[in-house]
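Next come two complexes built around chain A: one with chain B, the other with chain C.
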Partner chain A sequence: MDTVTITINGRQVDVPPGTTVLNAARQAGIDIPTLCHFPSLIPIGACRLCLVEVKGQRNPQPACTFPVTQGMEVQTDTPRLYEMRKFILSMLFSERNHFCPYCELSGSCELQDLGYRFGLDHFLFETYTKPFPLDASHRHLVIDHNRCVLCARCIRACSEIAANHTLGLGNRGAATLISCDADAPWGESTCVSCGTCAQVCPTGAIIDRRSSYMGRNRQLDRVASACNRCSVVCAMKVAVRGGRVVRIESDWEAPVNGGLLCERGRFEPLHDERERVTEPMIRREGRLMAATWDDALEAAAEKLRGAGGADLGVAVSGDATNEALYTAAKLFREDLGASYLGLLNRNVPKLSGRSGTLADLATSDLVIVVGVDLMKEMPVAAYLSKRAVDKGARLIVVDDGDNGLAPFASLTVPTSDIASAVAAAAAAGRPVVLHGGVTGETAEALKKIADKASFIAMQPGVNAFAATALGFNGDGRAAGTKVLYMILGEQTVGQVIPGQFTIVQAAFRSPAVEGADIVLPSAVWSERAGSLTSTDGRILKADKAVEPAGSAKADWEILALLAQKMGKKSLSFDETSQAALIEIKGKERA
Partner chain B sequence: MAKVKIATDWLAGCAGCHMSFLDIDERIVKLLESVEFTSSPITDLKHPPEEGVTVGILEGAICNSHNVEVAKRMRERCQILIAVGDCAVFGGVPAMRNLCGTQEALKRAYLETESVVDGVIPDSPELGTPLPMVTGIDKVVKVDLFIPGCPPRADAFYYALTELLAGRTPVVLPPELFTYD
Partner chain C sequence: MKADYDTLLKEFTPEQVEKLKEIIERYKGKPGGLIPVLEEAQVSLEYLPVPVQKVIAAELNLPLSRVYGVVTFYSFFTMTPRGRHTVRVCLGTACYVRGGKAIAETIEKLYDVKEGETTADRRFTYETVRCLGACGLGPVVVIDDEVHGRMKPAKVKEVLNQYE
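Let's turn to the complex of A and B:
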C-alpha cells in the first residue's frame, strides 16, 4: 500500500504510511500549533501543544509523533483541544521567567507567538519564581535557564545535527535543566561551538553574545551566502542590519550542511579584526602610497602590457571566487599567455576512484579519513562523519599523529597500516574515503577499493576545486616570472620574491601586501557577490550582504576592470558566473 | 447623556503607560466629548472620587502594601477595572526582583550599590511595606480587562475605551494591538 487515507477535520488526506498526523495535516494545509517540534529534528512530543483527538483513542495524542493509520479520523481544532492547549501554554508561561520586554527574542519567540495566538493576556497561574542559573561561561553562547521551556530542541540538534552529544537533561521535574556533559560549565564542556543549538532554540534561552540585542528579528534582513572558511563551503544566511553583519545562520534547506555550521563559519568572521586594505596603493620611491582605482589599474595594466607571456605569472589563493578564477584564467592565460598559473594553497590531487560527495556520508556504512584532520581543517565534514558513526557506520582514521576524529573512530591506524583500512572497506557496502594529501604508497593501496568507494579529496584551499579545474595548478612558487599578479582575497598567504614586480589584490594587510608594488583592495565574503565550489564539486552562490570597506571591490570585478583597461572584453557578473560554472562542471566531467 | 467617568492611578510602574495613553494625541479631544477623567496621578485630583467611576485604569505592579491599598480603593470605586501594561498584567520589570528575592533586592539597591555611602534600607512608616512577591494586580483584585504591552500601544487604549463606550466589552485585544513588549 503506497498511501494511507485519513480524515482530518472531515477532510480526506492521502499520505505515505508512517507519516505523522502533524505532517499529514501540514500537507493538507491544516495548522496545528507546535513548540518543541522542529522539521529537521526527530519529534519527541515533549510540549503537548500539538495534541489532537484521534477517534478510538481515549486521550488526545501528540500529532508530531503519532503515525497515521488507514481510516484514522482526526480532529485538530475542537473547543476541548483549545482549552487544553491554552492550559498547557499557561503552565509553560508560569514555570519560569517568560517576561517578554527584556528578552532578546521578543518578536521572534515561538512561545510568545503562541501566547498571542491563544490570547493569553494575563497569567492564569501564579508564576514560579525560583531563579534558575545562567551559564555565560561559553565564548560565544549564553544559556539562560530561566527562559527555557525544556523542548529539548538544542539537545536534539546537538546530537542529531552536530553529532556532538554535549547537551542533555539534568535534574528531574520542575528543576530539570539543560546540562552540558552531565554537569560541566558550558565553556569547559566538549561543546564544539557550532551554534546549532542557538539557532533552534524557540525562546530566548540560548542566545549568542555577538548578535544579541543588536536588533529584533523584524529589523534584520537575511542574505543568502556561502561560507569561505574551508572547502566544505556551507550554505548560510547572513542577518544584516544597518549595513552591518549581525549574525551568521545556517541554511536549513542546504543539501549537505543543512542547519549546520562550525565555529569558524558561524562566529569567527564576526570577530575578524585583521587590518583591512581599504584603498588602492602604488609603490612610489619605495613606499606604498594611496592611489585612485583608475591610476592603480592603469599602472597594473601598463606593467602587464609590457610583460611577455613567459615573464608573466598569476597566483591565486583558495579564497578567490569562481568568477574571479574564471576572469583571471581568461585574462592571464588566454589573452596574455601567462606562463604560470599557480595555487597558493597546497592542492590535494584527486585519487583515482569514483568521485563522491559529502552527501554520501549520510548513507555510508564505513568512512575512512586519511591524511587530514577534519576536526581542525573542515569541522563540518567531521560532524557529518560523526553523524554517520551515530547511524552505525564504522569510522577508520588513518593518521600518524593526533587526529581530532580518532576518539570517535572504531579503528585508528598509522599510514603504514593502510592495508587494514582498505580490507575493512573492501568488506563494507558503501565506503567513503575522505582524503588529504597522501603518499604514493597510500594512494596505491587505496586503488584496491577504487571501484567501490566514494573518494572525496579534502582540499586545504577553500575554492581549490574550482582553481584546479580552471588550470591554476602551479605550486605557488612562481620563480622565473618577472611580473606576478596575486589574488589573495581574505587570505594572508604568499611571499613577494625580490626582483619580481608584484601586483596584489587582497582584503587584509599581509607580508605579500607590504612587499607588493601595486595593491588593489578586495572585498571580503560579506561584501561581494560570488560563487564558490566546494571540495566535492557543489557550487554555492553568495549574495552581497553589506557594502565593502573603503573603496574595496569584489575580486572578480577588479579583474574585469583590469581587463577593460587592457582593452579586453569583460563579461557581466551573471555571464561570468555562468561561464565559470560551465567550465568547472565541464572539467569535472572530463 | 452624562459623560462616562474614568479614573486612573499607578502602582509600581514607570508612568510609561500613562504617557502611551496620551499618545492617542488629538483623539483625546473627541474622547472628552463622551468621557470625563475625574482623577489621575498626572492631574490635580489624584484619587478616584468616593462616589465612584465607571472605568478605573491601573498601571504598575503590586510591589508593596501601598500598591495593594491603591488597587483595592480603585476596585471599590469603579465598575470596570482595566489593568494596563505588562507590570499591571504580569508583574513586568518590577517582578524581576522575584528572581533574587525582596530582601536581596533591597540590600543590593540601598546598601551594596557601588555609589552608596552609609546606606540604610528605608523603613519609614509612611512607606508601603515591600511584599515578598511582585505580582500583577489580578492577584489582589478582580480585573475585568487586561491590556498587556510595555507600554500598550496608544491605539490599544483608544480601541479599548471606544469599544467600552460603544457598549461592547473587548475580551482580548485584536492581534495587531496585542503585544507583550
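Let's turn to the complex of A and C:
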C-alpha cells in the first residue's frame, strides 16, 4: 500500500505509511501545538503538548511520535485536550524561572507563544523558586538553566546534526540539567562551537553572546547567504536589523549542511576586526592617496590598455565570487589576452575517478580522509564524516601527523600504509574519499579505487572549484608580467613583486594592499550579492544583506565597471550569474 | 578515543584497574553493556569518578555525556567514594518527633559531614532516610545492616565506635 488514509478532525488525509500523526496533520494544514518537536530532529514525545485523541486508544497519544495506520481517526482539538495542554504548560511554567520580562527571548519564545495561545495570563501553580546555575564559560554561548524546559532539542541537535555528543542530561527529576560531557564547564568541554543548539533552543535557555538583546524575531529580516569561510560553502541565513548583521543562522532546507554551520561560519564573521579598505586609492609620489572611483578606475583602465597581453596577469584569491571570476576571465583573457591567470590559494587537483558530492557521506559505509585535517580546515565536512560514523560507517584517516578526525576513526594510518585504506575501500559498498593535495604513490594507490569510490577534492581556496573551472590555474606567482591585477576579496594572501604595477581589489588591509599602485575597495560577504561554488560543485547564491562599508563595491561590480571604462560590454548581475553557472557546470561535465 | 587507564592509577590500585579492564572486556561491543559495566565497576572500584567514566565511554564507544547521564540518573551509582560503613539516620515522622533530628545533628557535628557525604577518613558515609518501618524503636540509626533503636545524642559516639 502506497498511502494510508486517516481522518483528522473529520477530514480525510492521505499520507505514506509510517508518517507520524503530527506530520499528517501539518500536511493537511491542521495545527497541533508542539514544544520539544523540531522538524529536523528525531521526535521523542517528551513535552506531551502534541497529545491527540486516537479512536481506540485509551489515553491521548503524542502526535509527534505516533505513526498513522489505515483508517485511524484522530481528534486534535477537543476541550479535554485543551485542558490537558494548558495543565502541562502550567506545570512547565511553574518549574524554574519562566518570568518573561527579563528574558532575551521574550517576544520570540516558543514557550511564551504557547502561554499566550492557552491564555496563561498568570501562574496557575506556585513557582519553584530554587535557583539553577548559569554557565557563561563558553566564548560564544551562554546556558541559563533557569529558562530550560528540558525539551532536549539541544542535545539531539548536538548528536544528530553536529554528531558531537557534548550535550547530555545529568541527574534526574526536578534536578535534571543539560550538561556538557561529565558536567564540565561548557567552555572547557568537547564543544566545537557549531552553535546549532542555540538555533534550536525554543526558550531563552541557550543564547549567543553576540546577538542577545539585539532584536526580537519579528524585528529581524532574514537574508539568504552562503558562507565564504571554506570550500564547503554552507547555505546560511543572515539575520539583519537596522542595516547591521545581528546573527548568522544555518539554513535548515540546505541540501548538504542543513542546520549545520561551524564556529568559523556562524561566529567568526561577526567578530572580524581586521582593518577595512573603504575607499579607492592611487599611489602618488610613493604614497597611497584616496581617490574617487572614477579616477581610480580610469587610472587602472589606462594601465591595462597600455599593457600588451604578454605583460598582463590576473591573480584571484579563493574569495572571488563566480560572477567576479567570470567577469575577470572574460575581460582579461578574452578581451585583453592576458598571459597569466592565477589562483593565490593552493589548488588541489582532482584525482581521476568519480567526482562525488558531500551528500554522498550520508549513505557511505566507508569514509577515507587523506591529506587534509577537516576539523581544522573544513569543520562542517568533518561533522558530516562523524555523522556517517554514527550511522555505522567506518572512518579511515590517512595522515602522517596529528589529525582532528583521528580520535573518531576506526583506523588511522600513515601515508606509507595507504594500501590498507585502499584495500578497505575495495571491500566496502559505497566508499567516499575526501582528499587534500595528494601526490606520488599515494595518488597512484588511490587511483585503484577510482571506479568505485566517490572522490571529493577538498580545496583550501573557498571558490577554487569555480576558479579552476574558469581557467585560473596559475600557481599564484605571476613573475614575468608587468601589470598584475589582484582580486583578493576578504583574503589577505598575495604579495607585490617589486617593479610590477599592481592593481588590487581587496576588503582588508594586507601587505599586498600596502604595496599596490591602485587599490579598489571590495565589499565583504554580507555586503554583496554573489554566488560561490563549493568544493563538490554545488552553486550557492548569497543576497546582499547590508550596505558596504565606505564606498566599497561588490567584487564583480568593480570588474564590470572596469570593463565599461575600457569600452567593453558588461553584463547585469543576473546575466553574469547565469553565464558563470553555465561555464562552471559545462567545464565540470567536460 | 583512546582509553586513559594510567590516570586511574592515581586513585585506584593496579589490581582494581586490571579488574575494570576485565569487566569492560566482557561487555565490549555488546549492545546494552553500559549499565552492567557500571554496576560491576562500582562493586570493584567502590565509586565512579569522571576518569573512570571517561575510560568506560572510550572503551564502549559511547559519548561521555551519555555515560555521565546514566551514572547521575540512577541513585545506585555514586561519583564520590563511599565509607567503609553506611550510617542511616531515620527522620521519618515517628523518629523525628522522638528526637531523630538531634541524632542527625550530633553525627554531623562529631564527624563533620553533611547529608550524603563521606567522612574524610572514609570510615562512614552518612545518609538520612524517611522511615525504616521500625517506628516502635525510634529514633533509629541503621549502621550497615544493624539497627540501633532508642538512640540518644550522648550514645552516638559509643555506638559508632563499634565500627572501624
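To be clear about the criterion, the second predicted complex is superposed on the first by the 590 of 590 C-alpha atoms of A that agree within 3 Å, B and C clash if a C-alpha of one lies under 4 Å from a C-alpha of the other, contacts with A are read in each partner's own complex, and residues count from 1 in each chain.
Note that in this section a contact is a pair of C-beta atoms (placed from the backbone, for glycine too) under 8 Å apart; a residue touches a chain by one contact, two chains touch by 3 or more.
These numbers come from a predicted model, not from an experiment.
K.L.:
Consider chain A as the common anchor and indicate whether chain B and chain C clash or fit when overlaid.
P.N.:
fit
K.L.:
For A:Glu126, select first, second, both or neither according to whether it touches chain B, chain C, the two together, or no partner.
P.N.:
The answer is first: A:Glu126 touches chain B but not chain C.
K.L.:
On the A-aligned overlay, A:Ser526 touches which partner chain: chain B = first, chain C = second, or both, or neither?
P.N.:
neither
K.L.:
Look at A:Asn97 in the shared chain and tell me whether it touches chain B only, chain C only, both, or neither; answer first, second, both or neither.
P.N.:
The first partner, chain B, only.
K.L.:
Considering only touches as defined above, state whether A:Ser179 meets chain B (first), chain C (second), both or neither.
P.N.:
A:Ser179 sits against chain C, while chain B stays out of touch.
K.L.:
Mind working out whether A:Ser159 is in touch with chain B, chain C, both or neither, as first, second, both or neither?
P.N.:
A:Ser159: touches chain C, not chain B.
K.L.:
Who does A:Ser534 touch here: chain B (first), chain C (second), both, or neither?
P.N.:
A:Ser534 contacts neither chain B nor chain C.
K.L.:
Tell me the contact category for A:Gly170 with respect to chain B and chain C: first, second, both or neither.
P.N.:
A:Gly170 contacts chain C only, not chain B.
K.L.:
Between chain B and chain C, report the minimum C-alpha distance in the superposition, expressed in whole angstrom.
P.N.:
Minimum over all C-alpha pairs of chain B and chain C: 22 Å.
K.L.:
Of all residues in chain A, which touch chain C in the complex?
P.N.:
155, 159, 165-172, 179-183, 190, 407-408
K.L.:
Along chain C, where are the residues that touch chain A in the complex?
P.N.:
Listed in rising order, the residues of chain C that touch chain A are 1-2, 50, 53-54, 63-69, 72-73.
K.L.:
Of all residues in chain B, which touch chain A in the complex?
P.N.:
83, 86, 89-93, 95-96, 98-100, 133, 135-136, 138-139, 143, 146-148, 150, 171-173, 175, 178-181
K.L.:
Note which residues of chain A are touching chain B in the complex, please.
P.N.:
Residue positions touching the partner: 97, 99-103, 106-107, 112, 115-116, 119, 121-123, 126-127, 129, 131, 146.
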